[in-house]
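Got a structure here, written out as structure tokens. Questions coming.
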Amino acid sequence: MAEKKPTGTVLVAGAGVSGIKAAIELAEIGYKVLLTDSSPQIGGILAKLDNQFPTDHCGMCRMLPMVGREYASQYCMRKGLYHENIDILPFTELKSVEGDAGNYTIELLKKARYIDTDKCNGLGECIKVCPVEVADEFNHGLTRRKAVYKPVPHSTPQMLLIDMDTCTRCNACVDVCPTHVINLEAEDELLTRQVHAIILASGVKLYNLKEFEDAKSWAVSPDVVSSLAFERIISGSGTFDGEIKRPSDGKSAKKIAWVQCMGSRNRRQKRDYCSSICCMFALKEAVLAKEKGGDDVETTIFYMDMRTFGKDFYRYYEKAVDEHGVKLIRCRVQGVMLNPDKSLSMRYYDSETQKFFVSDYDMVVLSTGQIPYETHKKLADMLHLEVNPLGLLPTETYDKVKLVKPGVFLCGSLMGLTDLSEAISSGIAAAGQVSRYLSSIDVSILEEEAIAEPTAKDRDEPLISVVLCKCSEKVKESSVDFSALGTGLKKLNSVGEVNIIDMVCSDEGKKTVLELLGKSKCNRLLIGACHPFMYRKSLKNLAKKAGFAASLFEIIDLSSIVHKGFFESEKKDHTREAYSEIRSIIENLKLKPALHVEILPINPVALVVGGGIAGMHAAFCLAQRGVEVHLVEKTDKLGGYAGTRIEHTIDGLTPVYMAKDLTIKILEHKNITLHKNSEVVGSQGSLGAFETKIRDLSKEENFYLRHGAAIIATGGHEGETTEYEYGNSDQILTQAELKDGLATGEIDVSDAETIVMIQCVGSREKQGREYCSRICCVGAIANALTIKEKNPEARIFILYRDVMTYGFTEQYYTKARLAGIVFVSYSLDNKPKVELTDGKPVIKFIEPVLNSEIQLSPDYLILSTGVDPEASNRDVGKAFGLPVNEDGFFVEADSKWRPVEFLKVGLYVAGVAHSPMTLKDAILQAEAAAQKTYAYLSGRKIHTAHTISRVHDAICVRCQRCVDICPYGARSYDEVLDRIIVDGATCQACGMCGVACQNNAAEIMGFSDKQIMAVIDAKLSKAPMFATAE
Amino acid sequence: MELCLFLGCNTPAIRPDVERAIRATMPELGVDIADAEGYVCCPAFGSFPSTDDDSYLASSGWNLSIAEAKGLDIMVQCGSCYSSLRMGRDHLAHDEVKLARVNELIELTGRKLECKTRVRHISEILYNEVGAEKISKTIKKSLNGLHGVIQYPCHTLFPSEIVGFEESPREPKALRLLTEALGATVDHYSRELQCCGGAGGFSKSSPAEATEFAKTKLDAIIEETKADFIVVSCITCLMYLDNIQKKLNEAEGADKYK
Amino acid sequence: MSEFEPKIVGFFCNWCTFTAADLAGTSRLSYPHNIKIIRMMCSGMVDPKYVIKAFLNGADGVLIGGCWPGDCHYINGNLKARRRVAMLTEILKEYGIDEKRFWLRWIAASEGTMLREVVSEMTAKLKALGPSPLNREAPGKEKK
Amino acid sequence: MANFIKVPFKKGELNQKLADIFKGMMEKGVVNALLAPMKQPKRGVMLTLVTDPFHLEAIDPFAPVAPVNGAKVVSSITAKPSGRKMAAVLRSCEIRALVELCKLKQANLEDVLLIGIDCLGRYENLDFVKLQAAGESSESFIVKALAGNTENSGCDVSGACKICEFPVADNVDLRLCIIGTGPDALYIESLTPKGDQALETVGLKTGDTPGNREAAVQQLVKKRKEACDEAFAEYRASTHSIDALEDKLANCINCYNCRVACPVCYCKECVFVTDTFRHNGDQYMGWADTFGTLKMPTDTIFYHLTRMSHMSLFCVGCGQCTSACPNSIDLMPIFRTAAQKTQQRFNYQAGRSHDEKQPLTVFENDELVEVTGQVK
Amino acid sequence: MDFSTSDKDLWKQIYNTKDLLHCFNCSTCLSGCPASHGDPPLLVRNLARMVVFGLEEELLNDDTPWACVSCSRCEEMCPMDVKPFEMILAIRRWQTSNDETRVPTAIVEIYKRGYTQSVGTNTELRTSLGLPELQTITKMPEMLKLYQEMLMKTPVVSENDYMFNEE
């Protein structure tokens, strides 16, 4: 026998959302993941945010796996994360990386917590006695914490630690700890691990008001806070329980100002970049402040450019301004003055009225940016790499996530300041890169667990074995009489045995349990222990070893019953409470059917719709991993818009060349079948088994493709316009026409004196493209710079509304200004006016700085007309049953947490079909969509969850209310079979079908009405504990 | 230590009391003073710096070279002089062409400028060289029980990389620590970092607005603090605030500002 | 006779409100023990039958806890729940089960404090309202 | 728009006239079948599906009886369509229920020519048989009922009919009008192109106007509404508590006849007869423990409240539940008062329009804020 | 504004530095400027724009650069390091070199006695304070002469020599 290949193991360093996403993706396809984070908890800054733009909601849990959901935690991610294939190491820092590609030796510094969190009951007796009080980092110093503390106050289970820098070693905590888990002598541990690949996801440092000089004009009062601190103020779990009060005196804050670009767009501070997310962040906070604080809250944002460039961001901006009345003032302010009444004065110049104003605010929120360079330098050193000229980690030309070092990838804000959607996409893409990489080296995936079908014994009359851990008996307040409890439970119908054990979580405890269960005749098992979150995995294994079906095993959190949540003054009968709680679980367990899973038939073929760069890249990513791909392209040419029209981009990319290169790869790859001149006309099926009707436009005939999943990458093209006399003069061109003309030499600018460009033509307005096309500002700058190169004497004016050079593209804006290109802003209600005089364009506009009208007769008037979606999106959407938004772009499953997926599992989106984006972002999404697809087509067995919705055909009336109400589109009516079909992969067991169905013909297995009503009975039962004895 | 005192014009001509104080206290604190014979205008920003580089930097060079010849650093009290000299020196130190041109111009004095001499503000000397501790040990008459407020001269703060000596130009503390060393209590007020508005053309071209501007500051001091005195380390601030107080008192016929 | 202690059945969404209850528990934000919590995957999973059953079994109040609109793990289950609650409230009201006894509240995972407030407030209001007409056991009620 | 045809008839010939028209429709192929109330050979009138025009003689569309709600009948015939065209003559309550069933995909009106009749009420089935035996005819009923007189030999039309605000059927292709048309004429009103087509094919041309109809209908509706408000007020005053409800339902034996008769209770098998409600002995004992006693059969109130939660939004107030109860429980007001509230809450009216979505399958992001009273 | 007459290269004459071109009109310079309280206000941002646009005539006639108090706040706070105070001095220089009426009278004083104030003439007061006699340049005719000789080699003095020679 050949030696067993090692299991592919990946380090994901950084457990913010992008790292978590990458880890989950890799774990889902069977790799082993080490997920570390230097902070004491996971979640990154998201742990602090209750609401994230652009939806103002959370929904972080939506990033959990859909199909393999039962392998991962199924609870709010603020509680933490659990996945069978992920080892989470918080408070652990990556120290060194040595070795060669595919075989890295890493050193991890596991910092001492001084508390054994595996054994700590999290009740915080130690916190009560700790004499040290310091400012709490989590709430940005708005609250105080002890030296022993909970790093995330609202996390459950509580993961306490001791801050040795402030600890006085008084030993009070050690003395009081009921579980003896505090060791003040604990030391940091240096762990050495072998990994095959590494994903860096550490994020970057955030601008700190205490650290930087330019913040000091602002840090005059505790009422001047960073945007993250404000997030804590408005958070329900925050400093004032969600009420908006100013920190200095707790007075409710009614007038709040946001100041943008704190620490960013600052050449003087050597940070000439834009932090990308702060504009939306501020808008969101301003809206939330109004929503939470009431109508009388006044919110003002001081800004330079409102950079609302992402999908749906512009609509958010409109809503914030028009509906919520958020006030925007375009002025960067020097600082703030603290008045004796604690109000904060800001003086600003209003260009519109040409006047100075002084306004007083209750609070000032600073939109603090990110500080990338330090982190990048440190990581580069560790990896023995040089940072690139921008000071960032060197990545491959087209790949934002692939480092030049093989086997090392990055995601999230390390790429350069990402919003949530991009962070998630990049996490998936990095996982995709890793999986592509690992499939090229000699490693295996974790062995699939054999799927245990329910046995005959499981179908027998229920007989429950109850195991209770009595360790919580030792807690002071506890007054649970375990023996009485055991006697009471034993008398319940269907309870076969009750065993009371000490310390089930200990090795010895487990041994005892295993022995006891070995002799048991029971077919169902209930274990009562403290902190089931922590032990779920080991207890689950224990139950499995003892021969219990996964679905017939329940864990109950005893500690929560014993200690939690009762008014101290009311001495309750805890034994009785525990009895009642356990009984309700027993009632449920005894009615629970033995559940089984279904293996989904998977046709390991992928369909990619659209042969642009995103589609081709996705196809190639899949083919490289052995997936058979059909690539369908509407035209007779591959490359799409960018791949056929754009020779060069400002960041040095050559899309046309790249498309040619990809085309060759596609044509040569044995796994890829290309269908040109073809379009999708219809599709049906579900994950693993789609059947799609394709029309061959040249032959005018239809054919069918069977495939397991599909990626929609239909792309887009330059927008069209009739505004500004376009089409009436050959001196009026679009940016693309200019670019082409400059490249071919058809447009000669060598004698041009004046060239005017207008941005946002037909974009970002109600009657037009109600979105930012993202690429036009940089595109205009690129063209303008090309003109300047050819003719430095040309005067170029770019008329803009907001210069959308977000992130590191700010450098191009700066470069353009240095080249003498003049930027003039205009507003929607004062658009430039273009007239033709003798066939030549004459443009008039108001220059807002000097507030005077300018008239120019440019040699060329160039219009930035944005990006339009493919018109065929609607048809493709209809064919697959996928939603298309009012702008004509596809609507993904969740704008933040599932950016490349559709609600229906098995269908994915990439590139401009999703929204206007840069080439690199499209490639990133293609990689991510390919990864999502690969996860199901890799050849691993894909099965449904145990808990899933089913149909009882015999009593189903086919009213299809369940079909209408299913949020995922997991249910459909099959006319031929005259049955309701459940897509087992897409169904998430939310139970909405079960409620819509009035006679339970739709039912969630394991959540039947019978069970729940039995629980209600048990919860309200007045029956005495000793039904027969008393 | 010994420093070359650059007095400027306002101090010796209009407020020799300040000069008297400098000459009386500095040697006591271990700073010996050498006079800069034949020095000329710093030059004031409204003069040569507003006309051309040559005349501006030649005047700077003239003055700097006097101290350099003595091998001493320059100590300045007047904020404007300090700022002008430091900016002039900064230009020369970073621009060889300009330095060469200035050396050409001042050649007739027989002095040569290498920009070795540093220009230092008296408050920086007191803060960094003498130190608050030494001052509080040396004082003869403590200001104990008195309240003071600080007027930070802009010229000693901005631009920080040229004229600054504070750890944080946005949160200056030297004058406060020095004042506290004298035994006084320093009160804070909202407009602590506001400019007095006295320098340059502002007070001449917009006298009413400039007066109002200074008045807001003075009013803040009166309303928000128990100040018995205002600490200034710049002769312009001193003269201007004094004048404005006088003017305001006359205008209001009261004795509010003192 | 001891003071009337209302019994509340809480159908809590696994993702938000149930987590908040956990949080309230572990942060020692004590809330009245009057509530009997039943974990549902989603507030949209709460069948009117469960609510009716709870009242018929003598519950003095029923509290459904769900995610804030937009936060629902299952996209929009909470919004469907809201409609259903509105419908059921009308029926219960018609037959003498006061709408003050049947609450739907949005309580996010991080809002342990709000959970405590809601449960306390509901307990207090139910105390003032007295036992449910279906709570035959309550003090002062005749046994039927 | 006057889209009426006057169909004069001589006394005793109304049914004949109608039979002729339908015969024409069947012969001209407008429809292949007719579903209409028909006199049964011995006694009684039942909805009958006629495919041979020869039998049309016996139809009696205006017979004041509805032994079952016709919506269920149409549902049985059309849920899985036959592909043949059928005309169905129904009363408003049946049509409104049918609209709901269509939304629930339990009926399909594509091949149905829907004909509504002006309904002045129905007698309970047995009462009708009695009156029929006494020689009463549909025509005599119409005359008396239009004069406001429905009581006859100690029988009266059902309680539901007395408070019915919908004597005239909507959402139909054709309407057979007798209100405000004079004693010697029926008017046929066409409301859809389908209706126009049907009339045209049989050679009937519209263009007449029944003089008094509008006012007569309005007056009748007004009267009914007042009666309804009064009845509801009276009912609510006496039943506004759970105890009163228990009292009303005291004799319920869980026979589920009400749900069988209900046109909008469309489940194949009620959840209450499924496994979900098949309890174990220890459960019964447990419940008995809770209150000391347990009335059997259990779950009666539970059943009725749950049924209300299931059907109140679709309830059309036809009163079949009351008619069906073997223990003479007057269920109609129980369900209708609740239905009034729930439908009002969503500004929904069962059977009003095919386009109105049933309230529990749709939702808006920003609505019903008062339910939680919470604003973010 | 008519840009057909504006000189796009004017900024090179006035303030030939890339620093200026960095300006993105953020208004930071305005918000804390003491002289922006004046009437007319000093609007540094607008001056930068005028220079970039090459609005020669408007700039020549603009008095506001002279209202600057030289506090250099703008310099400290400018996120783009435009060095606005340097720019203001540069505008003044360009104005004086193009318009002799702009030449500040102070430089005549300085030329004549070395200072803008009459330093060292208040002997009585100084003596009463116990201050030494100052070796001012006014009292050192040889030295003053050298100074004047030196200044005469500088553009502003040589080009406007009539202002300095008349006695």
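Labels for the chains are A, B, C, D and E, by order of writing; each one numbers its residues from 1.
Rule of thumb we're sticking to: a residue touches a chain if its C-beta (ideal position, glycine included) is under 8 Å from a C-beta of that chain, and two chains touch if they have at least 3 such contacts.
All figures in this text were calculated on a predicted structure; none of them were measured in a lab.
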Both-way neighbours, i.e. chains that touch chain B and touch chain A: E
Separation of chain E from chain C in steps, with touching chains one step apart: 2
Most distant chain from chain E, judged by the mean position of its C-alpha atoms: D
Label of the chain whose CA centroid is most distant from the centroid of chain B: D
Of A-D and B-E, pair with higher C-beta contact tally: B-E
Geometric centre: closest chain by C-alpha means: A
Chain C and chain D: spacing of chain centres that average the CA atoms, whole Å: 37
Chain centre separation in whole Å, for chain C relative to chain B (CA means): 71
Distance between the centres, which are taken as Cα means, of chain D and chain B, whole angstrom: 98
Rounded Å distance between chain A and chain C, as computed from the means of their C-alpha atoms: 32
Overlap residues in chain D, where contacts from two or more other chains coincide: 271, 290, 310, 360, 376
Touching two or more other chains - residue numbers and ranges from chain B: 160, 169, 194
Junction residues of chain C - those touching two or more other chains: 48-49, 53, 57-58, 68-70, 76, 80, 84, 137
All pairs of touching chains, each written as two labels joined by a dash: A-B, A-C, A-D, A-E, B-E, C-D
Residues of chain C touching chain D in the complex: 48-49, 52-53, 56-58, 68-70, 76, 79-80, 82-97, 103-106, 133-134, 136-137, 143-144
Residue ranges of chain B in contact with chain E within the complex: 7-10, 12-14, 16-17, 19-20, 23, 35, 37-41, 43-55, 58-59, 62, 80, 83, 105-106, 108-109, 154-155, 157-160, 163, 169, 194-195, 197-202, 205-206, 208-210, 212-213
Interfacial residue positions of chain A with respect to chain B in the complex: 213-214, 216-217, 335, 337-340, 345
Chain A partner contacts - residues on chain B that touch it in the complex: 160, 168-171, 189-191, 194, 223-224
In the complex with chain C, residue positions of chain A that touch it: 50, 55-59, 61-62, 74-76, 78-79, 122-124, 153-154, 156-158, 235-237, 241-242, 560, 563-568, 570, 572, 577, 580, 584, 894, 903, 965, 967-968, 988-992, 994-995, 1004, 1007, 1009, 1012-1013, 1015-1017, 1019-1020, 1022
